[in-house]
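So that we are looking at the same thing, I have put the structure below in structure tokens.
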């Protein structure tokens, strides 16, 4: 994303708003933007989703390949998660090899999904040591107005939950849903004007400090955490957003379940 | 090729010449430069040719490798065509990864040869699904004074037509000629001073606009077209050069046949 | 290493010292810096050494992998030697793809070891045509105060001589020492102030001219030579350092033998 | 152009696998403003193709060595999303994408009034979200609409369409099976007001007569596509 | 986090494979000045981890586009030497190293008084010579010592340590087997004077209660690690 | 240096596979002006080696950071064409080519009067069209001629030649079989007027006496090669 010249005026403005406990677009501190979740929207993908959070828009697509299991795990298939933010998504994203920003984005979203154990890689094995399914989840940003992390994570788990193994195309039995046992969901908090807010938009990201990404699974289990960017926070600050994350993740999880059940 | 500063004076000069229906080196509008074609000139290649068109000089070399056929085409070998313009060939060519210019050059020449169907890839198969010949055609520029496209295309088909499968070295039977059934030939036209000319040299390329590459096969069949660079042209302009291309391609094809027949 | 601005003052200073047959740190022309050699110092490597020559510090580590022999040499395993000078080693070393300097460094050290024939690659074969050991020697600089060539070469042969094939981990028999039949040793000479000196430090490298690297094996056999950097030298100059190299290499070889014999 | 005859793409009545006649184009819909953070954007659905084009700029061209004193440079990228095809596409360098980006840029440069913005850069990003033959044509067409939506002055928009040959029959606007099993493909970029060309490629095998027939199909398809483009910019559907 | 149960990492008496109790950290030793040509350096041995950190600068930041008008930039690289692990690591680009370098830089930027050196650059090089779980924590800790050794002003040093879960038991300072066969890892970067955080990652599976337990282990380990850091800088061993 | 004994490179009469005696060099021919668009160029055929060298410049050195205030920089590239060897060579990065380019540049910098062209760059391109052992020597020699042909002032030209050892016999100017099956190779770059050296490499195994013998062969071959170089520049063949 290059090095944006963080405008001091923007920081000052956001700090002033924070003092009055308000945000530049009128939202409450822990209020998210308008959210749209669409499932099965990509004709060529075996599972897919589109998420819109305010002016942030992303797609997730699931494809399958046949792989040879790794020698030390002969009974397992694989899960690969790749996140791309191409220049289409905003003025600040440049072409070229993946930036540290996009590497972090992909790895944090990947860990949240992978570490929840939602995909049983043993069920992906077809012939031990010889043949297994590899699940490939591709996250693709179309418009970045902030908080790509949460948008990617939600689109990602939604695409996986809607995915169907294309067994017939590979002539190995009947198509069947990819079993996804759990529903990890991410909530991200940015420090803006000295306090953490939920679902920061681009202006808040530019004028803010550190961010914390929390992925929670069923029963409030923690699956992944990441603090990004320069900044110092206290245990008390962390406790506050962890409490918030528990209720917000539950809310997003039930939205997703609704969509998957066909509204 | 970097971005040459197109000299306005050169454009103006070429436009003036065009008004008098002449060219800066005295050639007619559809007249090519002096052409030399040499066959079997590279000791280590299994087929080779050298083409000189004015001060443009290129080599083509054919090598063979053993490949495993692609799973979806078990009865076929392969043809790979690679074009390199290294800095040796001129002041404007820089080292580094292939430029968009050289990628286009390679792909357009490749398509002309490949799409003509002149190589029967099924005849390259040795053991279905297991073993086949891969033909590798390497095009290599030594001196670029314009119109590398036509020089590469002519050297390429000449090298293929002279190529011998080195079966003995691989201990799979006797050496035999690579069968090349057709003779696709390319003619390129550049818009210079507002009208298309044949076989532009470097100065005409620098001071010109768009170019059109036409590859014709036996019976005037069209195998590949490409418009390159910024510029607008009419259907009438295209018709005019297509007529020219038909007679010029036939002329080059008979030159090549002569050379292959040993003068 | 980028392009250091060679300070003219430094060159003048070193030339003055040379006239008085002295060096800036008081050493004699063919005197080396304080030398430490430590063996078996890396817990995760199968063979290892650490060399300190003045403020130059390097590590060498040996790892093994199972490889498939090359088709044209079915009875042989492999030796790979890789040298890295990462930015940790000094202000002048930059991140990124290997510079010509570090490529030369790795290849010259590699040739000295490889060409001595000290590793019998046929003894590394496990099943002809199918399975063999590949020896990987990694040279890694921690602190570069000049003459990385000699430090790498000494650490490299020491690590190889201390290496143990981890056969048990791969379940192919008992662990056994990697046989290393010979002891190639490198001595490098830099032209500083108009005459060659042994074991130049960084300041002498910066203010000097060409360098000559000599690798000698048992019985003074020559295994590798390399002249680096701009500079002209005479046959007489070369003869002089070759004589010096013979006694210095013998000295280093006996130090190494001592260490390997357990002091 | 595979030339494989085992799939029957056209029946004895001249009806194609997707129900079209030989001279008919696939259904089209165009929408603007689909990338809210961009200066202009368009989404074109054309058969199963789903293509997004976004425009950023004019902005300062940097690094300075890419600047042109007398005009803006067009920085065009054509890219296929990894999930846009049956077999996943690996992200990264790709010779095909580079070539299509180049010829697309050259087609658009022929109509954008770049001389109005010296030393600046206009970024055009074309993303193929779902692919079904003819993505380069859909990309050029969508990019024209996105440029207009961004308010970039142009002498005309570019309408791009490809006709080709299947089982020795010339057909208009190839679909996926026709592209896979067909014998030739002729994509063109045409200015709807003058009928002039700014883009032309072709590969395969066409006799002189077949070539003329494919050319004429493309020319004939221009006006209906153009209507969709204009309607999308006016805020309605054609 | 493999979650493989076939290795028994903790016995019935709560004793771990390397003899520690669940709340105990591995032996630590720290030494400064180990890279003589650097402006500051430190070597941290922590269990079998052997980590070298070197600091160069402040120096002019170039190319100019990386300069910041109001502060120094920290250019941090975390790297594992090829011979640092059981399976050799190929040199070159590595997504894991890039991410660790980024979060390490951000942790250190939170304490270095970068505003004292506008337009300059401070290089921090972290090399893992031998690895045994927790290398990112050892790297951050060693880099803090190297920065102090180079005389770079900081508001505090950063102490980093990771606790986690093995066989459903929360343990402090994971070793290699516990990292391989365990179910969760929680590395943190803590300021010893205030108890505030500048670094936090976690992966695996922790219930809310287990998470709190691992958090408390990390907080509890800070002071003993900090003593080693201070002692090394004072010229003795803790 | 393979050291494989199954090919008999020298017969009992001391005659080599290509009919030469042990002290004889292969046939040489040199031609200038072979790259018409370059400022200077030369083609050297030496045995089956076919090598082209082209020189561009002196020209402005850019980017500016490669400029040297007091002299020109030599930008030298040695490259083998993909069809130059029995097994095709893949284009692209290649450690061997990089090293040969570096030592070639350093050899030529030792004789080119670079101080006459401060802040400029001279490009030297060496392309191996056909290879038969000793390509680096042919490249250095051809580049010297091309530099002279371009009118670049030099203190002397460089003559490069390699001798070596086969079946324990020292021979002059190794051919392909001798390079493949031989035991040592000693390429040198020699100034014909002074007998001084600017280039030296060696690998394999040579006793002190054998080393001297190979050295002497190289020194002895200088004058005949030099005659060819001078003749080519004068417009005739030697």
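We call the chains A, B, C, D, E and F, going by the order they appear; numbering starts again at 1 in every chain.
In the analysis below, a residue touches a chain if its C-beta (ideal position, glycine included) is under 8 Å from a C-beta of that chain, and two chains touch if they have at least 3 such contacts.
Not measured: the values here are computed from a predicted model.
*Asks:* Taking contact as defined at the start, I'd like the list of chains shared as neighbours by chain A and chain D.
*Replies:* none
*Asks:* Given the touch definition stated above, what is the smallest step count connecting chain C to chain D?
*Replies:* When the steps are counted carefully, the minimum from chain C to chain D is 3.
*Asks:* Of all chains present, which has the mean Cα position farthest from that of chain D?
*Replies:* C
*Asks:* Work out the mean Cα position per chain and let me know which chain is farthest from chain B.
*Replies:* E
*Asks:* Which one, A-D, A-E or B-D, has the same contacts as C-E for more than half of its contact pairs?
*Replies:* A-D
*Asks:* Which integer distance in Å separates the CA centroid of chain C from that of chain F?
*Replies:* Measuring from centre to centre gives 26 Å for this pair.
*Asks:* Report, in whole Å, the distance between the mean C-alpha point of chain B and the mean C-alpha point of chain F.
*Replies:* Spacing between the chain centres: roughly 32 Å.
*Asks:* Using mean CA coordinates as chain centres, what's the chain E-chain F distance in Å?
*Replies:* The computed centroid separation for chain E versus chain F comes out at 51 Å.
*Asks:* Among the residues of chain B, which ones contact at least 2 other chains?
*Replies:* Where chain B is concerned, no single residue meets two or more other chains.
*Asks:* Could you list the positions in chain E whose residues touch two or more of the other chains?
*Replies:* In chain E, nothing touches at least two other chains.
*Asks:* A student should be able to answer this: under the defined touch rule, what is the ring order from chain A, with chain D coming next?
*Replies:* Here the ring, read from chain A toward chain D, comes out as A, D, B, F, C, E.
*Asks:* Which residues of chain D touch chain B once you look at their complex with the stated criterion?
*Replies:* 1, 3, 65-66, 68, 93, 95-96, 98-99, 101-103, 106, 109-111, 186, 191, 195-208, 211, 215, 219
*Asks:* Residues of chain E touching chain C in their complex?
*Replies:* Counting only chain E, the residues touching chain C are 34-38, 48, 50, 52, 54, 56, 59, 77, 79, 81-88, 91, 123, 125, 127, 129-132.
*Asks:* Contact residues on chain B for chain D in the complex?
*Replies:* Against chain D, chain B makes touches at 3, 97-98, 100, 103-104, 106-107, 111, 115-117, 210, 212, 217, 219-235, 238.
*Asks:* So in the complex, which bits of chain A are touching chain D?
*Replies:* So the residues of chain A in touch with chain D come to 42-45, 48, 55, 57, 59, 61-63, 65, 82, 84, 86-91, 95, 136, 138, 140, 142-145, 202.
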